[in-house]
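After this come two complexes, each holding chain A, first together with chain B and then together with chain C.
And then the complex of A and B:
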C-alpha cells in the first residue's frame, strides 16, 4: 500500500515538475514506458545499468552484514576500473589471459582501496564511514588524472578518456555482456554463503552484536576484516566490468555515482543479499527513465530533480511499508 | 476502606480519589496489554501494583503518565476527566513517575538535573542560586541530596533520591515508582520506605510497581494484582499473604523454599573443584580495578551463591569465570587445568555455560532470528553444521527443541529474538546454556526482571544441573533466592570477597553486614584457596 502510494505520489510530483518545465507529462510518461520496456534497446540499457548497481549494492550490503558501513564503493569502483584499464592497455597478451587478469586486478585494487579503512577500523576503532568516504575523492581524482594525463588516448580525439581497451567481456544479447549474469550469480553465491555456511552464520552473528560474538567465541575482528575486504573486491569488480564490458575506456565520471547509488540499493534491500537484485533493478529503471527524459529535451537539472524525487518517495514508502496504520480513538477532553 | 483510613491523611468523606482509571484498554499488534482495567488511588495510600512480567503494569502507568494514549477508557484526576498527551501534561496535573532506569543527565550536578526542563526554573540564574534552591526543596521535602554533586559520582540510591526529588519538586501528588528497590541495598530500601511513608502522610499517594512480594507486603496499604493485561483483584494489604498474592499473580500457588535438598540419586559433591580462582584481579571496561585478589572454588554438585550490591565486581567475576574478560593477575583453573588467558570459546568447549547479566547485549543478537540465537552454542557441531556448511533446517529443529524444553511458545522461529518477552528470552538462554553446561554454569542475575513463575523455572534448572554434578555459580541480588539455593554464599564488596558463609546457617542480617563491607565477628568459612 505505502509503496504503491509512494510511486503514485512520486509520479504526480514528477509530472508537476515536468509541467512546470513546459513539457507534457502524459506524453513523456508513455514515451518513457515505451522506451524502457517496449523495446529491446530499452531493456538492454536497463540491463547495462543494473549490472554495476547490483555489484555496488552487494558490496555495501555485505559490509553491513558484519556491521560496517562501506560508503567507499565509489572509490573502490574507480580503483577497480583503473586497475582493469591499466592491465588491459599495457599488458600484451590474448584476451583469454588478459581478461581474467583484469578481473583479478580489478578485484585486488578494490581490496587495496578498502584495506586501510579496514585495518584502521579493526585495530584502532577508526570509523570506516569517514575513511572509506574520503578515499572516494582520491579514487575519483586518480581516474580523472590518468584519463586526461598519462593515459590520454594518443590517437583519439575524444577528450578525457584513455584509448579503447582491446579486451572486452563477451556480449550475450545486443550490448548486454556476461557481466550481467555474473553479477546475479555473485549475488546468489554471497547470499548462499551467508545463509548456508558456518562462516556465514558467524559473520551474521558478529555483525549483529559484536558482544554476543565474543560470548560465542567468534573472532569478530577476523570476520570484520575478511568481509570488508570482500566488499571492496566486489565494488572493484563492478568497476572492472564497467570498463571491460560497457564503456571500454577509463574516463573521469565513469562511475555514474554507481558507488553511492549502491548504498541506496543496499538500504532498499534491507540487509538481504537477494533484495539487492530487486533494489538494483528499481534503481536501474529510474536511472534509465532519466536518460530517456534527457533525450526528449528535458534539461539535466530537471531530470536529476525528478530522479531524486522518485528515490525520495520510494525510500519513504519502503520504510512506511514496514508499519501498519492503526486508527486511534482520540482521547476525549 | 479500613487500611486506607489508618494512614494519617484523614480524608473527609466524599473526597474523590487522586486518580481513578476506568476501563482502560491498550492494544499492541497481536498483544492485549491492558483490558478494561479499573484502578483507584486514594490520597494517603501507598498502592502496590503487582504482576508478572508482561502483566501490563508498565503499560498502565505509561498511559497514566501520558507516554501512551489509551485505546479506550477514562483517566479521572481529582474527579475531573483528563487526557494527557505527554508526561509534561501529566506532571502538571500532579502525576509523576520515577522509572526503573533513571532519566538523569550524568554530567550535570544534582541542582541542574532538578531544574532541567522545568517551567519554574528562572531563565537566568547562577549555579550557586540553583544549588540554594535545590537545598531548600530538599529540606522542604525531607529528601537529603547534595546539590553540587555530579550525578555520575552518586550511588544508585542517591540518584534515585534525586529522581524522586525532581518529581516531587514539580508538586506531584501521585508518585509512581517502577521497581524502585531493584537497585538498592536493604538499608537504602528502608530509607526509601520511610520517605514514602512521610510523603503519603501529607495527603499524597504512591503507586509502587513491583514483583517482590516481601516489600509489597511491607510497604503498601492496598495491592492491585494484574495478570495477562487484566486486573485480577484489589485487596487490602492486611488481608494478603505471600501465598495468596503469588497465587493471584500466576493463577496458581508457588512455593519458594529451601531447594538445597538433593534428590535421591543426585550426584555427590566432587572431590576436586571444577572452577577455581586464585588471587585473581581484573579491570573493568574503564580500566579500574574491579576484582581485587579474589579466590574461590566451586565443586561439581554444589551451588555457590554470590551476593553483593550490584556493581561490586560481580559482572567482572562472571566474565572472568567464562573467559570473556582477561585477568590482570592471578590464576584460573577449570577442571584442574590452567585456564588463565583462555578464550570464551575454550571455556564453552570445556563445558562451562554462561547466562550473562545483560542477556540482550551479550547473550543474544537481538536483531537476528530466534533460530540463529538458539543455536549460538552448538552451531559448530552436527546436526546444525556439517563440515563448514550451516543447515538452517537443522538449526530450526534444534531451536524448536530448546524452545520446547524452555516452554517458550515461539510463533515464528524466523522472527527477531528481541520480539520475545524478557522472561522468554531468559528461559531460552537458560536452556541453551544448560545444554552445554556439562561441567559448570555461571549465571549472572538470572532472575533479574523475571516474574515469579519464570524465576522458579530458572531455579529448577539450577537444581537439575547441580544434581547432575555440575558446578553452579549463581550471582544474584535476591537474598532469598540465594538462601534457598546456595550451599555456600560468597559476599562481594568493592571487588573483594568479604566472606564465604554457609548457606544453611547464615541469615539475611549476616549477609547484609558483609554486603555493606563490614566483616562479621565470626571468621568466615574457609576461603577455599587452600
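And then the complex of A and C:
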C-alpha cells in the first residue's frame, strides 16, 4: 500500500515538474503507454530492460538479506561485461563452449569486484557502502578504457565500442533472449534457497540480528562473505548477459544505470523474490519511458531523478506505515 | 622541486571540493545523521552556481545561490530523516539519485560552456614570492583560504571549545542523555544537517566556479562519496578533514601530473587513482592503528533515528 502510494506520488510530482517545464504530462504518459504496451516491439524493449534489472535488483536484495548494502552492482555489472567481452573476443572456440565460459567469467569478475569491500567489511569493519560504491567508478572507467583503447573495434563501426562479440545468447521471442527466463529462474532459485534451507535461515537470522546469530553459534562472518560474493556474482552475470544477449559489444555507457536502479528494485521488493520481479518490471517501464521520450527532452538522467524521487517517498512511506491514525478524541482518553 | 610545488598547488585546488563537502558531512555526522546525498548535493550546487553566473556574472552570487539551494534541499532531507525519521541510507541514496539526475537534466543547456565568472586566483603580494612553497600556497583563489583555514578552525573551536559544541556532540553520541539534559535533539539534528548540506552544495559551486570551471555531465565524478569516505578517515574532526582532503586532492592531482607529463599510462587508468586510493586509505588505518580507534570512532548514535518514547 505505502509502496504504491509512494510510486504514484513520485510520478505525479514528476508530472507536475514536467508540466511546469512546459511539457504536457498527460500526452507524454499516453505516448509512453501506447509505445510500451501497444506493440510487441514495446514489450520486447521492456523485457530486454527487465533482464538486467532483475539481476542487479536480486544482487542488492541478496546482500540486504545478510545486512550488507551492495551499492556497487553498477561496477560489478561493468566487471562482468568486461570479462564476458574479453573471453568472447579473444578466446577462439565454438559457442557451446565459449558462452558458458563467458557466463562463468562474468560471474567471477563480479565476485572479484566485490572481494575487497567484502573482506574489508568482514575483517576490518569498514562500511561496504562506500567501498562498493567507489568501485563503480573504477568499473565504468575500465569499460570506457578498453572500449576506446586496446579493444576498440578495428572495423571502426562506431566510436568507443569494441568489435561485435561473435557468441550470443539465443533469442526466444523477437529480440528477447534466454537471459530473461534465466534471470527469473535465478531469482526463484535464490529465493528458494534463502527461504527453505538451513543455510538460508542462518543467513536471514545473521542479517536481522548479527549478535543473536553469533550467540546461536551461526558463523556470521562466513555467511556475510559468502552472500556478498554471491551478490557480486549475480551482478556480474547481469553484465555478461547484457553483452552476450542484448548489446553484443562492450561500450562506455552499456549499463544504463542498471546497478543504481537495482538498489531501487531491491528496496521496492522488500526482500521478496516476487517483489524483485515486480520491482524490476516497474523500473523497466520507467526506464523505457525515458528512452521513448528522448525526443521530448527527457533522458536517462531524468529517469534517474524520478527514481530518486520514488526512493525518497518509499523511504518516508515505510516509516509512516508504522504509525496508526487515531482520531483526536480517542487519543485524549 | 618544481614538481612538488606544482603538485601541492593542484592538490590544494583539487582538494577544496572534497574539503568543503567533508566539512559539511562532519557537521551532519556529528549530530548523528549519515548524509549519503553529498554526491547529489554537489551536483545541484554545481549546476545552480553555473546557472546563476550565466544569468548574472558574479561568482559570489553563484556561491550564495548554491549554498541556499543546498540549505533548502538539506531541510527537505532533514524533514525526512530527522522529523519523520525515515531510513537515512535510503533517503541519502535517493537524494544522490535525484540531485545527480536533476542536475544532469538541467545541465544539458549549460554543458561544456566555460563559467561566465569564476573565483580567479589571487596573488598575495610578498607571501607569494616565498621560494618553493610561496606560489603554491599564496596564488590560490580566495575560497581556498576560507575552506582550508577559516572554516575548519571556526568549526573546530565551536565543536570542541564551546558549550554549544558539547551539546552538538552529545546529540550524536547519546541523544537520550542529551534529551534528558534539556537539549533539543531534533532541533540540533535538523539545523546541522541543513547546514552540512549547504556546505556540500557550496562544494559544487567551488567545483564549477573555481576548480574546473565549467559544467559537464559527470563532472562531480564521485567526489561526494570520496568526501563521505574521508570523513571516516579524518575521525569526524574538521581540521583532520581538510588535511585528509589535501591528501586525497594530492592523489587526484597525481593523475593530472601524469597526463601533463605524458606518463605511459592511459588517462582513464590514471582517473581510477582517486577511487582506488580512497578505498586503500579507509581500509588501511583500521588495520594499522588499533590504538587510536577509540579516538577516531564514529559518533555512537550515528545513523540511528531518535525516538524519545522508545528506549
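Criterion: the second predicted complex is superposed on the first by the 266 of 333 C-alpha atoms of A that agree within 3 Å, B and C clash if a C-alpha of one lies under 4 Å from a C-alpha of the other, contacts with A are read in each partner's own complex, and residues count from 1 in each chain.
We adopt the following convention: contacts are C-beta pairs under 8 Å (C-beta built on N, C-alpha and C of every residue); 3 or more make two chains touch, one makes a residue touch a chain.
Values in this document were obtained by computation on a predicted structure and should not be read as measured data.
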First (chain B), second (chain C), both or neither touched by A:200: first
Message: With both complexes overlaid on chain A, does A:214 touch chain B (first), chain C (second), both or neither?
response: first
TODO: Based on the superposed arrangement, let me know which partner A:127 touches: chain B (first), chain C (second), both, or neither?
DONE: second
Contacts for A:309 in the overlay, against chain B (first) and chain C (second): which applies, first, second, both or neither?
second
Of chain B and chain C, the partner touching more residues of chain A is C
Both partners, chain B and chain C, contact chain A at residues none
In the complex, chain C touches chain A at residues 36, 40, 80, 84-87, 89-91, 93-105, 108, 217, 221-222, 225-226, 228-229, 232, 266, 268-269, 271-272, 275-276, 278-279, 282-283, 286-287
Chain A contacts chain B in the complex at 195-202, 204-205, 208-209, 211-212, 214-218, 324, 326, 328-329, 331-333
Within their complex, chain A touches chain C through residues 69, 71, 116-117, 120, 124-127, 129-131, 133-138, 141-142, 144-145, 148-149, 260, 263, 267, 297-299, 301-309, 311-312, 314-316, 318-320
So, in the complex, the side of chain B touching chain A is made of residues 29, 69-72, 74, 81, 83, 85, 324, 343-346, 348-349, 354, 356, 361-368, 372, 375-377, 379-380, 385, 388-392
